[in-house]
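Should a chain be cited, it is by its letter among A, B, C and D, assigned in written order, with residues numbered from 1 in that chain.
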Amino acid sequence: MRKLGIGLIGTGFMGKSHAMAWKAAASFSGDIQPVLVSVADIDSDAAQRAQQQFGFQRWTNRWQDLIDDPEIDVISITSPNRFHAEQSLAAIAAGKHVHCEKPLAPDSATAERMYRAADRAGVITQVGFNYVKNPLLKMAKKMIADGDLGEIIGFRGIHAEDFLASPTVPWSWRLDPSGGAGAVADLGSHILGMARFLLGPIEELVADLETVIKTRPESPGATTSKAVEVDDIARLTVKFARGCSGHIEANWVAAGHKMQLGFEITGSKGSLIFNQERFNELQYFRFSEDESKNGFVTLVAGPEHYPYGLFCPAPGHQLGFNDLKTIEMLEFIQAIAKGNTAGPDFKEAFEIQKVVDAAVASSRERSWIKI
Amino acid sequence: MRKLGIGLIGTGFMGKSHAMAWKAAASFSGDIQPVLVSVADIDSDAAQRAQQQFGFQRWTNRWQDLIDDPEIDVISITSPNRFHAEQSLAAIAAGKHVHCEKPLAPDSATAERMYRAADRAGVITQVGFNYVKNPLLKMAKKMIADGDLGEIIGFRGIHAEDFLASPTVPWSWRLDPSGGAGAVADLGSHILGMARFLLGPIEELVADLETVIKTRPESPGATTSKAVEVDDIARLTVKFARGCSGHIEANWVAAGHKMQLGFEITGSKGSLIFNQERFNELQYFRFSEDESKNGFVTLVAGPEHYPYGLFCPAPGHQLGFNDLKTIEMLEFIQAIAKGNTAGPDFKEAFEIQKVVDAAVASSRERSWIKI
Amino acid sequence: MRKLGIGLIGTGFMGKSHAMAWKAAASFSGDIQPVLVSVADIDSDAAQRAQQQFGFQRWTNRWQDLIDDPEIDVISITSPNRFHAEQSLAAIAAGKHVHCEKPLAPDSATAERMYRAADRAGVITQVGFNYVKNPLLKMAKKMIADGDLGEIIGFRGIHAEDFLASPTVPWSWRLDPSGGAGAVADLGSHILGMARFLLGPIEELVADLETVIKTRPESPGATTSKAVEVDDIARLTVKFARGCSGHIEANWVAAGHKMQLGFEITGSKGSLIFNQERFNELQYFRFSEDESKNGFVTLVAGPEHYPYGLFCPAPGHQLGFNDLKTIEMLEFIQAIAKGNTAGPDFKEAFEIQKVVDAAVASSRERSWIKI
Amino acid sequence: MRKLGIGLIGTGFMGKSHAMAWKAAASFSGDIQPVLVSVADIDSDAAQRAQQQFGFQRWTNRWQDLIDDPEIDVISITSPNRFHAEQSLAAIAAGKHVHCEKPLAPDSATAERMYRAADRAGVITQVGFNYVKNPLLKMAKKMIADGDLGEIIGFRGIHAEDFLASPTVPWSWRLDPSGGAGAVADLGSHILGMARFLLGPIEELVADLETVIKTRPESPGATTSKAVEVDDIARLTVKFARGCSGHIEANWVAAGHKMQLGFEITGSKGSLIFNQERFNELQYFRFSEDESKNGFVTLVAGPEHYPYGLFCPAPGHQLGFNDLKTIEMLEFIQAIAKGNTAGPDFKEAFEIQKVVDAAVASSRERSWIKI
């Protein structure tokens, strides 16, 4: 059995999720066993709590300690977006494999630097586009490749949530322009990544980005406010290299939606509809001879949709969000074992970031942009 | 009791629907009673069959006979799109009120000529945007006006069907460019009209129109094919005069969809989701204090949603498509009685057509267009 | 063309619905044209208003006038339940065809007398079980007969509404025990009729009937109350003659439900799920070889489901409640023309009533009852 | 930190699920940390594989070794049903806490012996009714207790799956009458437990149990068949001690259903609908003053529904089946720490078993049975 030392940076939403996922992945990773070596958080108390909660061997308030730790093979980065580049590059320089949350970088130039550094260093990278790890999306991709939908003729995708819908939600790192764009980067990267996962490269777009809530309290409960410079809603009309077009929306002020990450893909012979709000289901239509019995089929995730069966041998029992994260970490471990990316890696994140950058530019220039 | 003589042009899908709607509306129109005077169809057999089926007093294969008929007060036009202008203008010139199916005209210049003619003649007009006659959409409009959603910040609309999805569907009048654009005019006008009905004028857009199926059989079963020049899919990013933006799609090659005419409207305090596939339902979300019980409410049409109660005093029994058409005709009769448009009238159809024209121009020029 | 004189008794919910349906059916009934001869209501104003609204030739406040009217061929009965027997028998005695709303009679002995009288008189009868006229239910019946579901092994049906959920709803004729049982007769007869329509006779049952709200105001707003003697909720476990069993619930105090009339039928090879709340849809499952693509198909009503196409040539446009009523009247007209019942006729209503009676008896005796 | 030694019996579906759940629960159990000491399976290879997969310290093919192991504090039982009693009693006798999968025993007499033994020994017990651990069901229970639904007047519950729908599925331990009844015990115990969790004791019932598939292959692919003696479908009409009644179905031949475990609870002021197929949602209706905006609200699980927030701080991300199992184990650990049952314990399983036994007796005697 080979041990894989894990160093985790950050202990928030994604920090906890990574810790749980590394632990859970150990049940499926066979000969390579992840070991929780150390956790770093600038807040010492948070670091110490996470160490105890998840059983890390040690903690630190300096992320650089993880980079210097010889027992650590993998750096798992869940810090605020603006630190992703520095931390990733340091980890790569130290020859460590890197799993970094999305968005990888504030812009594609930085993302490019990062993926090239990783390439040169020969380390394996992965970026936290966890939603494409869904067994039903693996099947969707296969169905498209197999021609079940015929020739693809259209895409409509969205990632909308409402966690910033209230103007009383204060300014935070997600709104910091030094971390990159707003909703189009934070949520848009998920649906753009999903679109690329299923249909391949996007080569041209026209986009419209809006800041709906122009100012927010500087901090929770503050009476002073701070201008918001990043987008709350982004609307993109895109052309895929394969020939079809589509529309994509990113929106974090979408009242009522907690996880409206979804798409409809139309082909000449059929179509697929997916919504992360019910991510154990996939709607599938295919024209059949008997029109009286035509209609969308609701496919329900089960063991016939790999790797659902790792978690449960019975269909319909449902995976949860953390299970997607577990699949993500499992595939990263397997990629490290094989020396091959499991994707989405830094290169893919760079490609997604180019689309995000193009959206920002298109909106500013109010014109179509080639990517 | 005052009689209102009806002359119907066309006996296809919409012709039959008009005939049934005029008859049904009579049960609700009180002192003004529509009378089915005459029906015209270029195909004499069809005209005669329609006369017998619906109880018209006479039939003709010349639509001009209706114009000349002194017993006819209203011309109901359901002929192929390219005849709408000529027939409407003739009816207006004869001082008759005109109900015309959409799209009203191949372009906005023609539509403008038509609405100005009607204005000058002092006749009442209406255009067949039947879906906005839905009692739940009347409530949606009122909810928006009442501020139930707060300030409106986004719109996403679609009208997608699949009746032209198969490349074996032959060329037909819907694809004839002399009748105007393709999906964006035929289906798009419905969702554009709905967007305007709910949120008011659109003042700018960028659009992308595509012809997915480039050629079709010249006629049913033909081995010779004919090039398709109009759009199968249209994607519009629009800005409303009220300040919010949105996305709109029109698509008649959308595998699996028979009537995906719907929208999601997002406001600062709540949102609405509608889909014509289940048009007796409206999804309504509004932020409330108790987050644990927050969620979308499924409103079901009932007598508290006027004019549902005309048809049924019990909720949940459901209106059908033809009932929407009946409401449309009823409101037209009432408009004639009061001398006021019930809308959408020729002027409104002209405004919608301007958006369609702008979409065509924007797609050709690949740029944002002011309307 | 043959004229069929219609006399309508009652002008409430069902009275209006019948009037509209007879008018609408005329568009599809070809050579036999229903003519609205006269309408009767004990309230003269109501009768007169209905005459004007729907275009009856005359009105009366004595239903007996319709029986005596030589121009009337068909009596359409929509009066309170306790009058159904007397009026039907009088109509039959006068040699008229009878359409009567359900429940036909307060008990099966009366219903038997009625159907035997009709048989002897050779008149055609029909009872207002309108929901089985749904094109999708016709298909469901055919699918079952064709073996699409394999051998039927189970049924679960319900008709639940909430119009009597509030204890402030006053006592009314629906609660009058002289009109028969409560929810099990009023709503239960619909789902029992649907069960029989699809699966055939029920031969044994055990039932539990409850009166949830024990007293109600004597009249709207009254401070005096009156005891309720009929059931609010009925739960039946039934055995069908074909060998399978099932459960049926009738409930008119079901908070939140306006029209939860539905079923799930399970067979050895597949199953069907239906709910009147979305009656243009039918869920169909059938085991297939590829388990990864198995699931319920949502069938949407369209012209391939006869007689949807009479109303609309395009799928997905949706029929409404009144359209079901129109189909009902159309089939009754056609039955009169052919001299054959279209069903459900008085005989069928008698069979349904026997099940209702058995449910009442089983609940009282707390035991299984053979029918 | 206190360590809690875990010994697991069985390595199938539930065995794996327990192992993952114990590991995951460690992240939330604070000062008491479960330790995977040993795993037993009669199949040595399976035991060894499980030891490696989940990181147990040792394995054995004799479950008695776990009972004798002084480092083991808790026995987690996932063996075939017929072994539950013997293994539980041995563990209790050794002073160990016991978590046992359901059904606890083949009959209520045995279950009673088991819970009394645990009581005398002062050990904490729990039975694997994992579905009631759902955060939304905890809220449902609280809503009912708080009177959000008013007085409860009706229940309709079901647990239907289709894993035994095909007659080619061979005979197995689930069909062994020495392990107890069929669907009513295996699936029915879940919905009966859920009914009791939400509404309290059931005191009377009438039931009908059926064996739909009378014989099955003796083993996979066998040509010889074996008679099935247990029920495939059970239908119960029940009376709750609180005064309301309801219907419950258990069914493991329900074509198309993988996890139709759900209920509708009706109260005088509102109602709740739940379905395990979408267990991160709960439908809630409550009568409100404005009837035009009345309807079922779809509540979506989020951090405001404890303990969802342990897994994820953002709403709508969804828990999976294994997360429910983790909550179950976490609550068991906490119960051990406090010396109080977290429920459902052996006593509760005994109460559920009494209902199952009554259903079997009622069906045999074809009469109402008091419990």
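Brief remarks on what is shown
Going forward, contacts are C-beta pairs under 8 Å (C-beta built on N, C-alpha and C of every residue); 3 or more make two chains touch, one makes a residue touch a chain.
Every value quoted in this text rests on a predicted model; they were computed, and no experiment measured them.
Shared contact partners of subunit A and subunit B, listed by label: C, D. Simply put, of C-D and A-C, more C-beta pairs touch at C-D.
Centroids of subunit A and subunit C (each the mean of its C-alpha atoms) stand 54 Å apart. Subunit B and subunit C have Cα centroids separated by 35 Å.
Averaged C-alpha coordinates put the centre of subunit C at 41 Å from the centre of subunit D.
Across the assembly, subunit C contributes residues 257, 295-296, 300, 302 that each touch 2 or more other chains. Looking at the complex, you find that subunit C touches subunit B at residues 13, 17, 19-20, 23-24, 26-28, 53-55, 161, 163, 257-259, 277-279, 300, 302, 311-323.
For subunit A in complex with subunit B, the touching residues are 149, 153-154, 156, 158, 165-167, 206, 208, 210, 212, 233, 235, 237, 239, 245-247, 249, 251, 253-257, 266-271, 285-287, 295-296, 366-368. For subunit D in complex with subunit B, the touching residues are 139, 284, 291-300, 302, 304-305.
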